[in-house]
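Take a look at the structures listed below.
There are two complexes below, and they share chain A, which is joined by chain B in the first and by chain C in the second.
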Partner chain A sequence: MTAQRLKWLGVAAVAAGLGLAPVLLKFFGGLFWINVIAEILIWSLLAASVNLLLGYVGLLSFGQALYFGFGMYGVAIGISQFGLGLWPAFFLGIAAATAMAAVAGAIAVRLTWHYFAIITVVFSLIFYFVAMSAKSITGGDDGLSFSAPPLWKAAGWLLTDRTVQYYFIYLVCAACFTGMAFLIASPLGMRFNAVRDNEQRASLIGINVYYTRWIAFVISGLLAGVGGALFALFGRYASASYMFYHVSGEAVVWAIVGGIGSLLGPLVGTALLILFRELVSGLWENYLIAVGAFVILVVMFAPRGIVGIFSDLVEGRDRRKADARAALRNLAEAE
Partner chain B sequence: MDLVIALTINGLVWGLIVALIALGLSIIFGLLDIINVAHGDFFMVGTVLALVIAGTTGFWIALVLVPLLGLAMGLVVERLIIRPTISAASLTIVTTFGLSMILQETVRATFGAQPRRMAAPIQGTIPLFGLEYDVYRLFAAAFAALCIVAFFLFLSRTTLGTWIRAVRQDRETATALGIPVVRVCAFTFGLGTAMALLGGAIAAPITTVEFRTGVDILPVSFMAVVIGGLGNLKGTVAAAVLLAVLEGLISSFADPTLARITSLAVMCMVLLVKPRGLFAGATR
Partner chain C sequence: MSPVLEVADLLASIGRVPVLRGVTLHVNPGETVALLGRNGVGKTSTLRTILGLLPRRGGRVRFNDKDLATLAAHQLSGEGIGYVPQGRGIFGNLTVEENLFLGLRHRPDPSIPDYIYARFPRLKERRQQSAGTLSGGEQQILALGRCLMRSPRLILLDEPTEGIMPKLVNEIRREIAAIAGRGVAVLLIEQNLRTALRLASRIYLMEKGVIVHEATPQQLSADPSTVHRYLGVSL
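Moving on to the complex of A and B:
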């Protein structure tokens, strides 16, 4: 089996495992964990938005929480102020995040590397402070609570049913990751890589570097927005504190720990760190010390992330096989 | 009018302290090419250590001891977590982010989560532009300014300072000339950390002391570094003072959040119009 096939098998196994999670957890009587998994899926979209920019286009954004926040507030304000149904509010949130990313991106992608990282964090800080002070609309630090309208009235699907809620989140996330897989394999995805690897060469072969980066920025804002919209529906709550730069920073950490430049790296990183936090926080009050140390150790010993270790193993196995074949051929020729 | 003057002078005082911290950030950034997310927490550790040490031995000893502890801390941090990950800038963001979590949580576990205030070591006020102004704040501004001058003298007049400038300018040539580049980098990280802790010690009596203050100071110092121009140290100082005075002025007639938003907007403009910093070409 080739490395490529093994990797897709891994992706399929993860997808199937997550799809069966509610059934399995119900069987073993641990349905509490279903909400933890749902939360991991939601946050993994934010990490995936970091990964799309850093892993495929080579831009480090430290402000993805802004688009997460727009998705979150789009849903919260849509439901609580405009009285929208679930789906219209959901799409309002995503549209708001994407529009914000389109505007911010048009300015931000003129810069690269350090300057890009800094201007994205500045944008997110501006709107963080705006959201904090506009208490009448956003609820500021205290946040905005609302009750979610039904997912599908006729069928009686409500988000208060944990299993229904989980499958809603699971399907949306699966759609996002599938879309991202197609995007990466598409000609546009190839252009992303070309821009990441060598900006000059990319522009010489006729790629519009600015436009390519902008598109990536908008799509990554959309991903973060979907995450934010799901998060608002999941918690029936939105708060300005989720727009702070610490949230963006955490997403960067999750993506890098999982392994950037790989489809499921962000999901793996997010899952690992959230599960680690869940486990340690029950045992030790100051569990954040352990989380910090853990993060440092992972990037020190696995600079390509957790998925990097896995692909090294798989590719190493492939290379060994190829080496063996070559050795055999040489031997045959010598005889 | 009194309020405007008071807030402007407050801005000036705060700006000089921020300048000291931002200079530390800037030399680390310029020499090691890493974005140090934990720099704000170094400041926070400085305020906490100053409060604790001042409680037992008095403030003046704390003011000497804290930067020395900062130097030691910076050297340890550099050796343990910066040097192994220096090869990729994105990795150092993760390691310094982890460090920031460790520092904040350690302080919360040992010092407590309750914000505390510290009595100023110099009590009393003096008349200044028609209002009674705290003596300690003036001392803090003067002391911070003195430290900044000392830092620039160190860079231009001592061998070690010359080495730092040489490595900044051209790492390979510096190596070829026999400058111990790795050790110069380690020392620079220590020095930058010490400056953040010193800033914390100076600021401790005029700010609240708690485990979260670093989160606020980090964006402000980054703004000073960027508006001043990455790598332009004198620009950093000018930008820090300018931003703090601007924020002081605006917050005299509007709320502080609006002041913060304004300075962020200024920063956006600078990044887009003059990415090399406001003072590009003026100094250097």
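Moving on to the complex of A and C:
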């Protein structure tokens, strides 16, 4: 079996496993875990937004929580202040995040490397403080609670039903990851790749580096925004504290641990670290020390993350074959 | 006939060190011109300054009577300038086919990929293979092919035969000749005198950031002392 096919098999297995999770958990009597998985799925979108920029375009953003926050507040304010239904509020949140990313990106992607990282932090800090101080609108640190309108009134689907809520989140996330898979394989995805590998070369074959980065930034903001919008609906709550750059930093760690530049890496990293937190934080309050040590080990010994270890295994086999063929061919040419 | 590329009194420096001190040259449509010189005389810097990768401190660069200073790097290929950097500049992670089609704004004339694949059956065979697994010579040919995809009017080549196994050098020379045969002008940077003599219709010799001599291959072949003086080789 080729590496490519094995990879898609892995993706399909993860998708099927997550799709069946409520059924399985119900059967084993652990439905409590369904909300943990739902939360993992939501946060994995934030990690995926980091991954899109870092893994595919080569830009490290420490400000993705800003777009997460815009998605979150779009929903919360849409429902609690404007009295919108669930879907209009959901799309308002996504639109707000995307618009914010379009504006911030236009400025940020002029820079690269640490300058880019710094300006993304600055943007998110500005709006973090704005959200903190605009208490009448955002609720500041205390946050904003609301009750979610029904998902589908006629069918009586409510987010308070854990299974309904889980499938809503699951399907939205599945759509996002599917979209990302298509994006990566598209001509635009190739351009992302080229810009990441060598921007000068890329521009000399006619790729507008600035525009390509900006598009990636906007799409990445959209992903984070979807995550934020789901998060608001999931907790029926929004708080400025989720816009802090710690949240952005956590997403960077999740993405790196899972595997930068792979579709499901962010999901794996997020799952691993959130599960670790759920399991260990109750037993040991300084569990973050263990997380830190683990992250250092991953960065040192598996720079392509957990998923990278597996793809190295399967791709390594294919690559060795290809290398052997290439070496034979070059020898034949030299004869 | 006005030249496709006209460079006049080009000045450039890296940091405070001047690397180009008034380079003047031109390339006529469909013509292959070689720029020869020893290591470090400013050949690559000339190309990079023409393309705007090195800031221009003075002088003019006109392509089809358009000042190149007004164009961004990514607009050059659309204007008809192809560039194959030293070390080939393909994207190793992408497949051969993805490399060829990368960054194209419009579907190219389908005869071009057909032409490329017909000329290089090996690229066609390895179309779905990542370009990083190709041999150096194949990568060079892929880079040339990628330039052709954009139907350029001028291709800038930076030492295309450098580091290629001798057997493939001839093949690459043949391909450059074939490109020129399609009416594309070529500005070829070389250290290899033989390549320049075979391909170019005019040769510029460069030293210390200026053009010091211009000759046809015939004139240069008949002038061993000039060759020895500027290139340090004997014919």
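Convention: the second predicted complex is superposed on the first by the 318 of 335 C-alpha atoms of A that agree within 3 Å, B and C clash if a C-alpha of one lies under 4 Å from a C-alpha of the other, contacts with A are read in each partner's own complex, and residues count from 1 in each chain.
The working rule: contacts are C-beta pairs under 8 Å (C-beta built on N, C-alpha and C of every residue); 3 or more make two chains touch, one makes a residue touch a chain.
Nothing here was measured: the structure is a model prediction, and the numbers come from that model.
**Student:** Once the shared chain is lined up, is A:Leu54 touching chain B (first), chain C (second), both, or neither of them?
**Tutor:** first
**Student:** With the two structures laid over each other on chain A, which partner does A:Ser133 touch: chain B (first), chain C (second), both, or neither?
**Tutor:** first
**Student:** For A:Ile118 in the superposed arrangement: first (chain B), second (chain C), both or neither?
**Tutor:** In the superposition, A:Ile118 touches chain B alone.
**Student:** Tell me which touches more residues of chain A here: chain C or chain B.
**Tutor:** B
**Student:** Of the partners chain B and chain C, which touch A:Ala106 in the superposed model: first, second, both, neither?
**Tutor:** In the superposition, A:Ala106 touches no partner, neither chain B nor chain C.
**Student:** In the superposed arrangement, does A:Ala194 touch chain B (first), chain C (second), both or neither?
**Tutor:** It touches chain C, and chain B stays clear.
**Student:** Looking at chain A, which of its residues have contacts with both chain B and chain C?
**Tutor:** none
**Student:** Under the definition above, what is the set of chain B residues touching chain A in their complex?
**Tutor:** 35, 37, 81, 84-85, 87-88, 90-91, 93-95, 97-102, 104-106, 108-109, 215, 219, 222-223, 226, 230, 255, 257-258, 260-261, 264-265, 267-268, 271-272, 275
**Student:** Across the complex, what residues on chain C touch chain A?
**Tutor:** Of all residues in chain C, those touching chain A are 51, 53, 72-78, 83, 85, 89, 91-94, 98, 101-105, 129, 133-135, 137, 146, 150, 165, 167-168.
**Student:** If you look only at chain A, which of its residues touch chain B in the complex?
**Tutor:** Touching chain B from chain A are residues 54, 60, 107, 110-111, 114-115, 117-119, 121-123, 125-126, 129-130, 132-133, 245-246, 249-250, 252-253, 256-257, 260, 285-286, 288-289, 291-296, 299-300, 303.
**Student:** Quick one: which bits of chain A touch chain C in the complex? Just the residue numbers, please.
**Tutor:** My answer: residues 187, 190-191, 193-194, 197-198, 200-209, 319, 322-323, 326, 329-330, 333-334.
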